[in-house]
């Protein structure tokens, strides 16, 4: 198709905004850990921008979006971005290289999300290996299944902007990480307080604006569907914040700022798969429920006792799952869900979510075990005591 | 009209940028209070993103932009965003839902601005009620008068991006809030110092970039007027910063960083109503004068002795008033002001500003009195001493 | 040419993003100094937004982009932005005033970059004079040579987004500044530690997203070249971060967060001149080499012993030089470099770089000497001890 | 010479300083400390978990002075720092054997 | 009356507090200090330069109490703070001449 | 045993530390304090209002040591911390009754 400058303008900026989410996540996570781990935590998100960019050029884009092989993976036609043109390709009004850049940003943030699960105790070399292996063995295949012409696309699974590919996928991996690496020293006994909640709110704000690029940008054109997605994204985020705050006010007697920030993220996660398929009113419902549900997920975690340090499972896993199913229920724009007479869609959504969970759990487990055998996953107890910043990076976050 | 992808691309991103202003404001304000109130202050801006989004869907957009009733308010045709399409409507080249989203962001930030007046002492439930009531009873009507086809539009008042609707309106409300809720404990005796000025500068920077979406976006098309508005916005902000800094250097002997940040905001406020109507050279004048004037407004406040904690009155009220009148003087693009042979325009601008002030003052006063009677406006003296973060939210901002 | 709304939408937002870089730089630099200088350092970047905006309107744009005089400077046709229309001009699909605004943002950040060299010891009045003089006497001419129709343009020097105009130019000036103003008190003896590395990472993130506007925006249209430039920018930044981190891990035994942030900036600097001329694979090489090279440049600085406080020379000077030469080697899109059969290009690039360095060094030296004679460059030793924030601005950064 | 160490509520610092200033006492050293005692702390919430924070911010004032001024100063501090609420703090008096002013080398009475 | 000053490792604070609590001792004042001693510090890197940081974060606990309780409390602190590693800290015992509770004016034994 | 408490200007810490190190004294505890005295503070401006900040950042050094080393150490500190300007600080010497090393239980001279 011919290049459209409006669509291209939109996608250039949307791509920039999605890039911005990863450092936003770094700050969001960085604010939540103890100050002795603030830099290490930031680093674990930030460096994904380097690791994944490099892999993407070499073989990542090709595996995810290269011509399909057996409905499960792309072939190697696009290695080193060979055959990826800066002109428009078939079926799109933007340059191919721009689509490739936009998708790169998604591949970057997904492993970054997982790092919240093993925050404050993972060795740096183990982290490096984990990101490289996980993005290669888990992200590229699942991305191909849903968006690259793989079997979930064929099945008709709806995932507008990555509820399954990104959130359920990373949430499932996070659960495995939290369990395999084990609890932080002193977890459940010592008070492990955030070092800088204003920074976490800043991170949430950056995620929020970036998410407009993420969700509306997934329309790939600057048209009505992008506009709808932007509106549903805003509503789910705002009402997600409200939902979480009201739930904790009711249950714990206090509405917290961290609750507002977390609820916004929960709403954003939940609306991701359906943002271009549902009407604004349903976006309010999806976001509000997400805020309450993810909060309850965290309470449940505390009961069960695994140490998902920054609550990736409850927010991205649970929130993503709710969003994927809700899409199957409330979709009415360009596709129909249960409520609009198509119960089959809900089944398909469940299959997609289930497949991603099972695949992600199994492969993540194997990756962790292999890395543990090679370099060890976890810093020693003394190092954990001193903090990763000094031990792994010879730096301290603040001298204020 | 037909959808234009360039205009739509521009408005999608402009909307995202205006959203970003509210967390930007949260950080701007958050940096200025004492650290024991940093989160509560951030929360009071941030949660507007939730409260107002919800109300907007239910009835807000309809009251502000629904078909006109008696020149003063919209009807209920658009409740729950019924009848708001994601296709383009009459007279616009962007989807209706996108216009609705863009306007939502304005409705969010306006009450957030006011919270600066009662920072460090308002109860959280009182805050919630205040935002919901104020946006419903003050913002939607005034917005309708100016932009929704109400009587001020008919009169020919010029307000390109919200000088009257947003800044004068919130500034007037802020004055009432500061007086009704009373001074902070120790005000005028204890040193009440900002906790984090770099965060305030960051907030100012976010406001600045967001304001490009706010002002240029108000053109609703990616054309010459948006370009002009972007340029005038930049100049007024930059020269506003210079003006404030030079004024305080002259008067107090020291140019401050907070002065630079405050002056930039003052310049942005002042250029808002005229950004698409004046030439760049006048933007320099409007911004420079705003920097000096708002600084003098703060000095005056200190003399008078009301405790507008974060200077909403001086910056938004006074700056907005100056901007509205200056538009009546300097307008030459698409409308003519006093200097271009149309003294009538200045009169109209004064009427618009006056109407907004009177209406906002009266209704804000009533709202506060009612809320005071129901839940009480102010935390008790001991709570104020301890700080709102611990007392209202059971959190602390930093553990560095 | 006729206005294109897609191109205009893109350039409006690109301009906003480039503006955002200057406060981003303020935070990047602000995090690196000691907390007693955090505000003064921020101020020295932030206020460029005011000083340069004002000068730009009065005569700056005219000198840089006004009709050419003798191949070295523009004439005064555009003073006070006379004759700068908000309609499109010859050869561009966006309004002239938008081009003027976009270029303004480049003129703002260039002197701001230099302030890193004299951080923590420059007097505020000297800073003001320096920025005004330097931008007038160095920036506008060099900008005209390359982009305004001057002799370097005629020679065929390739500088897509400002490698020579901005980075080599500011890096050369920074070297002179560091030497003329002399070392900080205690340099080399006391530990001079960053006060807030998370803030520095935030600054790097803002620079990164802004750089998409900077580099892709330099295409001036929302088309294939902008898309290519965005992709190469992302890759160089990401791999630059990796390169720096791996180099310091190898050499000093520790990968640091500051290294990741610095490496990203180094990659961004190096790709700037070639971003629209090279393919993605070469961008990986340019960025990776930049990360290692700039790190080695800093090690070298420590050996030589001049006190370029925030490493402007190593990152912008050296990185920019590498990028300018690399463009002469790897260019293949729209121009050919050494590797594609055109060795001449490398010579031209070297001439461009050399000219900028010589001119910048000489004029910067003269400016500094004159300012030193008028107001003195440096605060006294006691003031340096106490910190610029208190001494020059009567403020403190944090009360946490 | 004696040293008075007073642990007080932070917001009382200005009052105490002013009271001592009035009586001509112009030297002291303060630091931020945290106190644990009968006064109850507050609760903090972090994502569903609650913690009681027992350590309460206090200011410690240290004043070295000749023995004959101790009673007067102790009374002034008490008067200024008292709010009649639990947690108002304590005053400790310790013996000091020598005081030296760094700049001049003056000792004891002349040094403060 | 005596004053015990204990310099301990920060992560041992909760253990020490709990141990003292158990024996009924409910008042203390703590502060963040930095220690210099045999325990080695860590290295910090800043853009190619390396610094050794010798000052190590420690917590200082101050407890004023009647002389007859000193031995018991010293032992409790030692037991709780000991990790058998260099840098575990020191305990100092100083004489205190008077103790006053700000709120009530009670003195000495009654004041703590 | 004695305890030396020295209040000095922050930028003199390294000099003092080095001076003490040279004479073989390798243990000390430092903290950030604020001093009030003859040295004038600075002015801060906040949106048109001016405040004088009287409390000036200082470092407090605490060294516990055998009585016979006191004079020497006091002189070393004075020599290193002196800038001949107001605000250079004070040195206090206090009696200490007992010193215990947490790790080993060693006492007094053996414990420092």
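For clarity, chains are labelled A, B, C, D, E and F in written order, and residue numbers in each chain start from 1.
In this text, a residue touches a chain if its C-beta (ideal position, glycine included) is under 8 Å from a C-beta of that chain, and two chains touch if they have at least 3 such contacts.
The UniProt protein names, listed by chain, are A, B, C = Ammonium transporter; D, E, F = Nitrogen regulatory protein P-II 1.
Please read all numbers here as calculations on a predicted model, not as lab measurements.
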Chain-contact steps, minimal, separating subunit D from subunit C: 2
Chains contacting each of subunit A and subunit C, listed by label: B, E
More contacts between chains, B-F or B-D: B-F
Same vs different contact residues, subunit D with subunit F, by half of numbers used: different
For subunit B paired with subunit E, centre-to-centre distance based on mean C-alpha positions, whole Å: 51
Cα-centroid distance, subunit E relative to subunit F, in whole angstrom: 18
In subunit E, residues with contacts to at least two other chains: 31, 44-46, 50, 94-95
Of all residues in subunit B, the ones touching two or more other chains: 4-7, 9-10, 13, 17, 193-194, 196, 202, 252, 254, 256, 258, 393-398, 400
Complete list of chain pairs which touch one another: A-B, A-C, A-D, A-E, B-C, B-D, B-F, C-E, C-F, D-E, D-F, E-F
Interfacial residue positions of subunit A with respect to subunit C in the complex: 3-10, 12-13, 15-17, 19-20, 23-24, 26-27, 30, 38-40, 42-43, 46-47, 49-54, 57, 80-81, 84, 86-87, 94-95, 97-98, 100-101, 104, 124, 196, 199, 202, 206, 389, 392-400
Touching residues (chain side subunit E, partner subunit F) in the complex: 2, 6-8, 31-38, 54-55, 58, 60, 70, 74, 77-78, 81-86, 88-95
Complex contacts: residues of subunit C adjacent to subunit F: 186, 189-190, 385-386, 390-391, 393-396
Complex interface listing, subunit A residues touching subunit D: 191-194, 248, 252, 254, 256, 258-259, 262, 295, 298-299, 302, 311
Interface residues, subunit E side, partner subunit D - complex: 1, 3, 17, 26-31, 62, 64, 94-103, 105, 111-112
